[in-house]
């Protein structure tokens, strides 16, 4: 029997990190063939070119698709998605996958979902059913309605996908594959690499041996006009605390430039002798960095998921992770310098918390690959009520 | 206060007929400005060029978008949608509507929904919440998850949209605007025009004065490889009954060519002395034709909706209208010559049935326009559970 | 040394026939690897799906690109080209050819030329430098200005390309590869297949043993509004002469539908007891058909090229082949029933003429492959004056 | 008689500056209606958002088209062009211009040329026939072959366009419209505005009263891999000379990021106490700045054209302006710090040279508008040999 061909479309650096163990598990599965498609910001330097990590990790890329339209507005997000559909349908037409896998809820993942579902290719969705309250949510739940298989990351997500009218037999709580990576670093006792040397970046090189903060804050699509103001609260807080800090640039998104511009302008006007800026970091190294940090500040889902598993304190800013299920590691604050500063001071004092498996137990990749090999190939469905 | 600008995107002939009263009501509303965008198969001759009817009806077209990719396969449907997003986002960027309205569930309506929702333009969806069991259903429910306002056509649809996690305050059972047109012909006593003279078409010109059948059968997207076989059962039944019959060509869709090819081939091999073929007909004239017919055969939603209101018997073939709510006027049959023939004979004998308002009471257009003028402009939402 | 990777993009049935010997010669060359890309109308059934012939001939297809936008107007031609660029650039980015080859002057070949030249991939153009006086000419000469190597079909074409400012060292009169195929049938004494049986088609099946006419008439892009009227002169002439006739449907082009519609309408209104219609024919079979015909009527370049080599009389109608170099086999007429009829009668009476090698000696494919293997890889050029 | 509708497509800041007097002349012409389409990098902030200047100058924009695909490679240039065709054809289809005007030779101007010529809209090309020896040249001459009217900037260009086979009756040496602006500042005796105050920018604010240098250096498409190295020679020269310098960021182009990145990196590693950086400047202000400068350094065509008219010395670096006709004001140097330094020192010492009208006499805009009003509307042409 020929192997099932599984096309996975990666459109951004964080999505790659998240599903890396799924890719490995597909590649290692005797009945599966991995067709890795790399597209959108995953190909672009200014968002940390995931493609380089992918190739270094030994994955073969079946097709690359440049489809990010430039423009500091939401029109560009729509057009990027349109071009993505146009091109991915050609890619699928040529690769002829048995199943297409799409990850999470970034706007351009809709291109994968539409191309596959319109072409009657069974579509698997990783990480549906979550609640965040922004455009990501429209995208995420719409993809659920287009998808045939659902690999969700928590019990809450599973219930929600079923409530959305999906067949419970096709909804699987595999946990989030990002936890698979977290599992590998959970017992790490010290940072096993020098981040300045390995990842370059710009700015100061504070001594990390006495603890450090990590910042990762993305613009929120529905609030993109305010993204500059939002990032400034965080910048002011970090500037005022003046602790060793490792800061990661945001993803591409409408408004990315508001956030990036805010950071650049702040740097030009202030000395930041304790802050280093990174463009990106290989997923596992990033988890190591978090594992040994005092706390994570920002609005990345990594704080809600991987950090819950690692027991790392998180200061979660603003609405981006709004209604995602939480472990006991995070504190929610508004876009307010004071709230951010106070929350950081409290968290640093308290230190690590206990590990939560609310988002998985470290076996998601293997479970997803097994399901992809066994599930009936189907693309015809109807709402369950 | 400036008028609210309402962009309505029409992508196919039947969609235009369906929402014509909505367009008029928007145009006549003192607080609204209509921006009519005509795209996809609505611009193409071989699907009955809705654009000609639109202009004849006196509507001004704000923009035209050619985006139908040619190809007898599903890839073309995906690509048509991608091109639609690319172009509609430019159109919206230039027209700057306050609200965008998308109609029903044809595959390319997703382009409207994505362009608007990604650009943070409030999106109204007409006719969500229905159940049919094919690709249309994936599209329809995904659009519900992208839309901000829902104008549904029945109580069943309203319940379903709310179950999908939408805010009940934004879900309105206005009835289907197609019933507004049906209302205007309900009391008609005789066919007020000569269809051969007014609409041309090809084939025989049977005498309609003693009753006649109407056939309208579209390919089913998820069964498109069988569309030729499916149409042949109907062709054989009509051929065998040899009653005066008016047959309408199908919409564009993946597989349209299977259906069309089947009809063409049958015509080349058989004499059909009682059958006339039309490409299309203005919506109200079509309802007049149904009002005075013995029964409608096929799988058009017109049989389930307008004919329920008109009390015209319908032979509904196959899965296309699968789980749509029914009035008492329809009989479901399989793709079987025998079943089709028998159902026609029984229906013709029984005659007209009583009118059902399950899909509306004839005021949908005016109600929808009033809501568009009053609803808060919002594009931020979250799932209700 | 790795083989040079030569991407050839085929966008239409006649282009495939024309360069088939080039494809074989590349495939058989020890230093070359053929990357065959099939796009546009070459993939579509209603234009005779070249892709089926290509696969039957044993070529492996590296990528397929559906890019024909539907619409009976010139806008669709522009958009088809735009989509072609968008997609072919992804194809080239993934296949990484050393040289891209584009054929002739159909509007969508510009997509190949732009994608390759913009990506700094050396571009070879087959069949530049000819003169026809319509939109094809704008396209053809613009492609010459984008191309790095020129494989032209006649001395006149060579001179013209050099006058256009190209480096004479990069302009090669290889003859037209279509003549390679003609060479194989030149000595054929009888039609070696039954065209009705092998190619189906519709209409009468006249006896071919006493001679027959072949008709192939395409719409002219710059006159597309008149294409229906133009085809009617030819239809009337053929109808009036009532000789055994084999008629080929036109290519896709803006206006194709004018021509096709004209043919369909004529057939519905007239009995044509001596005319059979074909959608397409494998290139070599078509040449056999011409070789044994009385004459070819229409505006196909096959009349000017292959028929010159075969010595088959040609009635060349209208402006499409306007200023192409001629052998002694053709007569030019206007869109006039009388002129067409008279020219046919005269030609049939006179019979075959002597073979001309004005468009090549039957070795073009092998010569082009040899040049592709040896030419320096370069994409930087400047006008020579 | 209705006014002729003239669509002018502006795709970049420098193109806007160049044709501003043409736009005004069209707008002021009693028989013409201006339809201004703004697209590509002209809409993007990081290339100096020409759209803001356009609106401030009082022009009404008929349509905006975002079509720049992001990516630091040539694939993006090809795709940007493809998207441009797709969208501009919709724009033209909706605006229905009588003539389309395209400017110069940037890669994306090909989109305008193809959309118009394929849609049988007469195409006017401003500034054909020049020689530069890079990809621009392929584009420029290909557009000449697609265009119906040629408004060229010098006698050399006129001869070349005619040699390319164009009808001499359609080739007009109007001079370059950029000279119209230069004409307005020729007599200016002092800089009439404070550039720091009016245009912001970053870096030092050297005293300009004792003379200053202006730098504008773009990446060269065919050498884009070297663009960083190329800009570094210039940076080193300016750093070493340490004179008051006003530096302009480059256009978007494949490789723009090499140039920009080079500048950013140099700034991080060196103090530049005499250099100020501008993103952009309104065309006439820029000419004022040049008029009062010591010399211009870089590879902008402004050095060859406007500066020739103004008599401002120019250090022209590298191959970008290779074979363009020269006035007596410029010195050509290689990408060499030494050569650049020496040439600057010599030029500064020598001072202003006499004005040359090789690129026009200041009346181009008015002449072009007059021709657009009078020329026969035609899109059918053939090569003249």
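Going in written order, the chains are labelled A, B, C and D, and every chain counts its residues from 1.
Keep in mind that, in the parts below, contacts are C-beta pairs under 8 Å (C-beta built on N, C-alpha and C of every residue); 3 or more make two chains touch, one makes a residue touch a chain.
None of these values were measured; they are calculated from a predicted model.
**Q** Please state whether B-D or A-D has more C-beta contact pairs across its interface.
**A** Pair with the higher count of C-beta contacts: A-D.
**Q** What chain is the most remote from chain A, judged by the mean position of CA atoms in each chain?
**A** So the chain farthest away from chain A turns out to be C.
**Q** Quick one: chain A and chain D, Cα centre-to-centre, how many Å?
**A** Distance between chain centres: 42 Å.
**Q** For chain B and chain D, what's the span in angstrom between their mean Cα positions?
**A** Measuring from centre to centre gives 51 Å for this pair.
**Q** Quick check on chain B: which residues sit in contact with 2+ other chains?
**A** 66, 75, 79, 83, 86-87, 90, 93
**Q** Which residues, counting only chain B, touch chain D once they are in their complex?
**A** 63-66, 83, 86-87, 90-91, 93-94
**Q** Which residues of chain B touch chain C once you look at their complex with the stated criterion?
**A** 43-45, 66-73, 75-76, 79, 83, 202, 257, 268
**Q** Can you list the chain C residues touching chain D in their complex?
**A** Result: residues 74-75, 77-79, 81-90, 92-93, 107, 110-111, 114-115, 117-120, 131-135, 137-138, 141-146, 160, 163-165, 222, 322-323, 379-383, 385 of chain C touch chain D.
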